[in-house]
Amino acid sequence: MVLMDKTARRHRWDTKFAPYGYVAPYFLIFGVFGLFPLLYTIWVSLQDRNLLESEAATFVWFANYAKLMADPYFWNAMGNTLSLWLLTTVPQILFALFIAQLLNRKVRTRTLFRMGVILPNITSVAAVTIIFAQLFGRDFGLVNWVLELFGAGQIDWQAGTASSHVAIAVMVVWRWTGYHALIFLASMQAIPSTLYEAATLDGANGRQQFWRITVPLLRPQIIFTTIIATTGNMRLLAEPLLFNPGAAAATGGSDRQFQTAALYLYEQGFTKYDFGYSSSIAVVLAIATVVVAGLGYLATKRIRTE
Amino acid sequence: MTAVLERPAPVRPAGPATRARRLARRVGGPWTYAALIAVLAGSAFPVYWSFVVSSQTPDAIDSVPPVLVPGGHLFANIARVFDTTDFALAMVNSIVVSGTVTISVVLFSTLAGFAFAKLKFRGRNVLLLLIIGTQAIPTELGIIPLYMMMAEFGWAGEIHAVIVPGLVTAFGVFFMRQYFERAIPDELLEAGRMDGCGSLRLFWHVALPAARPAAAVLGLFTFMQAWNDFFWPLVVLTPENPTVQTALSTLASGYTTDYTLVLTAATIGTVPVLAVFLLFGRQIVGGIMSGAVKG
Amino acid sequence: MRPKALVLGCAALATAVVLSGCGSDTASGGKTKLTIGLFGNFGYAELLEEYAAAHPDVEISDRTASYSDHHKNLAAHLATSSGAADIEAVDTGYVNQFKATPDKFVDLNTKGGGQLKDRWLPWKWEASLSKDGKQIGYGTDIGGLAICYRRDLLQNAGLPADRDQVAALWPTWQDFMAAGKKFQEKAPEGVKWFDGGPTVLNAIVGQAFVGYYDRSDQIVVGENKEIKAGWDLVVDGVQSGLSSKLLYSTPVWNTGFKQGQFATVTCPAWQMAKIKDQAGPEAAGKWDVTSVPGGGGNWGGSYLTVPKSGKNIDKAVELAAWLTAPEQQAKVFKSAGLLPSIPKLYEDPSIVDYKNPYFNDAPIGKLFTDAAKKLNPQYQGPKAGDIQTAIGNAMQRVEQGKQNGEDSWRQFVGDVQK
């Protein structure tokens, strides 16, 4: 009796409280080093505050937000953010699925190929900047050099809205596709081949099998990558910043044609020292990111197992 | 293949067919190879090209048409990098930072991911959403309050200021949670419970072995990200105590930038990551195989 | 040329500064570690060694970052009142913002700055002086203007190559553009008269007596006829195909030097070291320097500040004063080409007679000291740096064919008056 009771109690304790213990390290460390900066940012977003002068800050409630809603440059930046989100996230996931599919086949030297796709991700940002500045240079860039071989004219990549978005999207997609492909690959390998064998017997071809078996079974990973890619791509900063080096880097082009919301908050915070306004952009951007990630979740959740 | 077939099968997808099965993957034809080689070339070209530049004189970077074969100046350039900055210290710092962060992230993410995927507790969904939500916060502004904390702790300029905030990531928890959800069938855990296993033992004996391939992927990704992080280290560290990325930024800082020097340093900085990749890469490939192949 | 006597002289000077400045300096056991945060090339490497040799109790380490990283990190460190170096360099583009929060810095007037004041050009001293009279930084260099040009390219296009004759081509900016049109008729494909509109425009703005602000800190650029005329002139030059359309201080601009894409470039003194490094040894002797159209003007230059959060304020102030002293500024002029902000040196024969071998032995000492003497000090308002970025963007919009000159100007004026 006593023994039973003890075990049962231990069991109850285990199912009730142990899970909190497992998630506690995350929340503990995040609570100290993640939550404080977050709450602080929200607090500052309600102030009129110069970055250098916290003593002179005044509390203004939602004045920063009101100004933000009427700021055409903020909306321009949000538009660019959404455009770049679309241009990066969708190709990233489609290419990653395609590459994972290739890597999942039985090929020689597959380790080499698997390692190869992740190479862009281990390249340091400083190197990527220099490399892409060279590639997308107007007069002597490799891309324009190749375009000219095919008789197409030179493109001033930084100048146009569309061309700059494409160039930045290429950098992002190049850097992150292999990463997502490996996530897909890991799960693809766990799909039982009997499913494919049965489908083959039913006369389904490779493409049908891919869309009817592989993709539905990868649903959790597709949801995962969509959310991760969205949260990353909604706050693109390094790429647009480094795409336009020089004193005007933070404006994202001569007409702000590729200034993302994250870059706009960077401009307001670190070149204009408007800490309050910059913080309000951060808060709005975070909310927008959650909304867009939620939409992405709803879209990918519709993938069903046939 | 046959040797691998004998290995135990900790992972079983909870798909419609749960019976033991044999894997017969499609054999790649010439088109597969062609496509893979194209992908590899696209991925590797910029890395290859930065290696080419680091083996050339500074003129190579903007020659027209571009220089595409390595030259003979690699070692001279490497020597210049070590002369110009304390690159050895930077490498050691980066290894310490990335190594510590990786071990911690993998451990805590696996624990939390397991709990979120397989244990029931009040507030589970809310807490998970909270974690995913934190992923959406732009971190750039957070550096000011974070720096205030570090200054308060007296950590500014020290590498723990870079390590500690990186010890857990929302990405890691979410990643492991998504993996566990599918990788361990609930029946298996139920069976374990019936036998009187506590959740910690279930974690240790069932979840952890099953997590190997995913943990290897997470470990690799975390290492790479910690290695390449530069925004925060640039603010909190000083050039006297750099990481590889802040040292690169110092190299790229003159009125005039010697790109050859920067790309040489970047190339040297890639070597440890490649080594880690070889280490984990085998784990990933091996892990995926042992996970997927059912005996 | 330099050894003992000079070192001793410097040491004596430094001691004088200490004595005059701060009597409260307490002796501490062991070495004092001083850090100095710089960007780009200040030419201080040898000077710091020299100083450390003369002061065995001081150990100096310099931190150099890129222009934007340096100023961003400095802002973050000032905002949190920790982590800044003992001495931090600040560029003209940022000094107006920093002097708006003078309490983050040591007021050098309280550390003996008042006695040193007469060293500098009066306007240089005022540029880093806060509204309430606090001095946040000692001036290093100024950006006196000249034009650097490619002898060979001018010659091939049938223009003179000799620097006096070249100067005679362009007494005014109108003449400069007219010469450009002549050049462009015979120029080889891909070679333009100047590097980019924003570079030329910055020089013209730097020469105006009133720039973006009036003295009561009102933004007046919208009504400033002188600047609008300069704008129109550069727009006309761009639309006549005289511009390579490269933005200064970018990688493609650097490549432009190597590839010889343009024949002239506006040369503030600090630009010369850049050109030498970018164009490389193979272009030695091809480049030359001559005087700028219009009057004297200023573009750029820096200051050494001492953040209040430092632990060794007195020693830092001492070092900052030493680095910006006449002797040291003279050396930096010869090693890195940075033009001193010290009027006394404009009469010093070792400066005035200095010739730069890379630039075809151009008498840059005479050229730049003349330019500095002619210089109209322009009042810089609080956001002058931002406005310079905005006008550069506006000119780029014209160069990229996104807008015509009038529309772009209107958008610029609207932007800065928000």
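We just call them A, B and C in the order they show up, numbering each chain from 1.
Assume a contact is a pair of C-beta atoms (placed from the backbone, for glycine too) under 8 Å apart; a residue touches a chain by one contact, two chains touch by 3 or more.
Given the structure is predicted, the values throughout are model-derived calculations rather than measurements.
The chain with its C-alpha centre at the largest distance from the centre of chain A is C. Relative to the centroid of every protein C-alpha atom shown, the closest chain centre, again from C-alpha atoms, is found for A.
One inter-chain figure worth recording: chain B and chain C are separated by 43 Å, centre to centre, where each centre is the mean of the chain's CA atoms.
Centre-to-centre spacing of chain A and chain B amounts to 15 Å, using the average Cα coordinate of each chain. With centres defined as mean CA coordinates, chain C is found 39 Å away from chain A.
Among the residues of chain B, those touching two or more other chains are numbered 62, 64, 143-144, 249, 252, 259.
Counting partner chains per residue, chain A shows two or more touched chains at residues 51, 130, 134, 140, 275. Shared interface positions of chain C, i.e. residues touching 2 or more other chains, are given as 72, 76, 79, 251, 255, 259.
Of all residues in chain A, only 50-54, 130, 133-134, 137-140, 156, 159, 245-249, 251, 253-255, 270-273, 275 touch chain C in the complex they form. Listed in rising order, the residues of chain B touching chain A in the complex are 11, 13, 15-17, 21-28, 32-33, 35-36, 39-40, 42-44, 46-47, 49-50, 61-62, 64-66, 108-109, 111-112, 114-116, 119-121, 124, 127, 131-146, 149, 164-165, 167-168, 170-171, 173-175, 178-179, 181-183, 196, 198-200, 203, 213-214, 217, 220-221, 224, 227-228, 230-231, 244-245, 248-249, 252, 259, 262-263, 266-267, 269-270, 273-274, 277-278, 281-282, 284-285, 288-289, 291-292, 294. For chain B in complex with chain C, the touching residues are 58-59, 62, 64, 143-144, 147-148, 151, 156-157, 234-236, 238-240, 249-250, 252-257, 259. Listed in rising order, the residues of chain C touching chain A in the complex are 67-68, 72, 75-76, 78-79, 93, 97-98, 100-101, 104, 190, 245, 247-253, 255-256, 259, 261, 383, 385-386, 388-389, 392-394, 396-397, 400-403. Taken in their complex, chain C has these residues touching chain B: 35, 39-41, 61, 63-66, 69-70, 72-73, 76-77, 79-83, 251, 254-255, 258-259, 270, 273-274, 277-278, 280.
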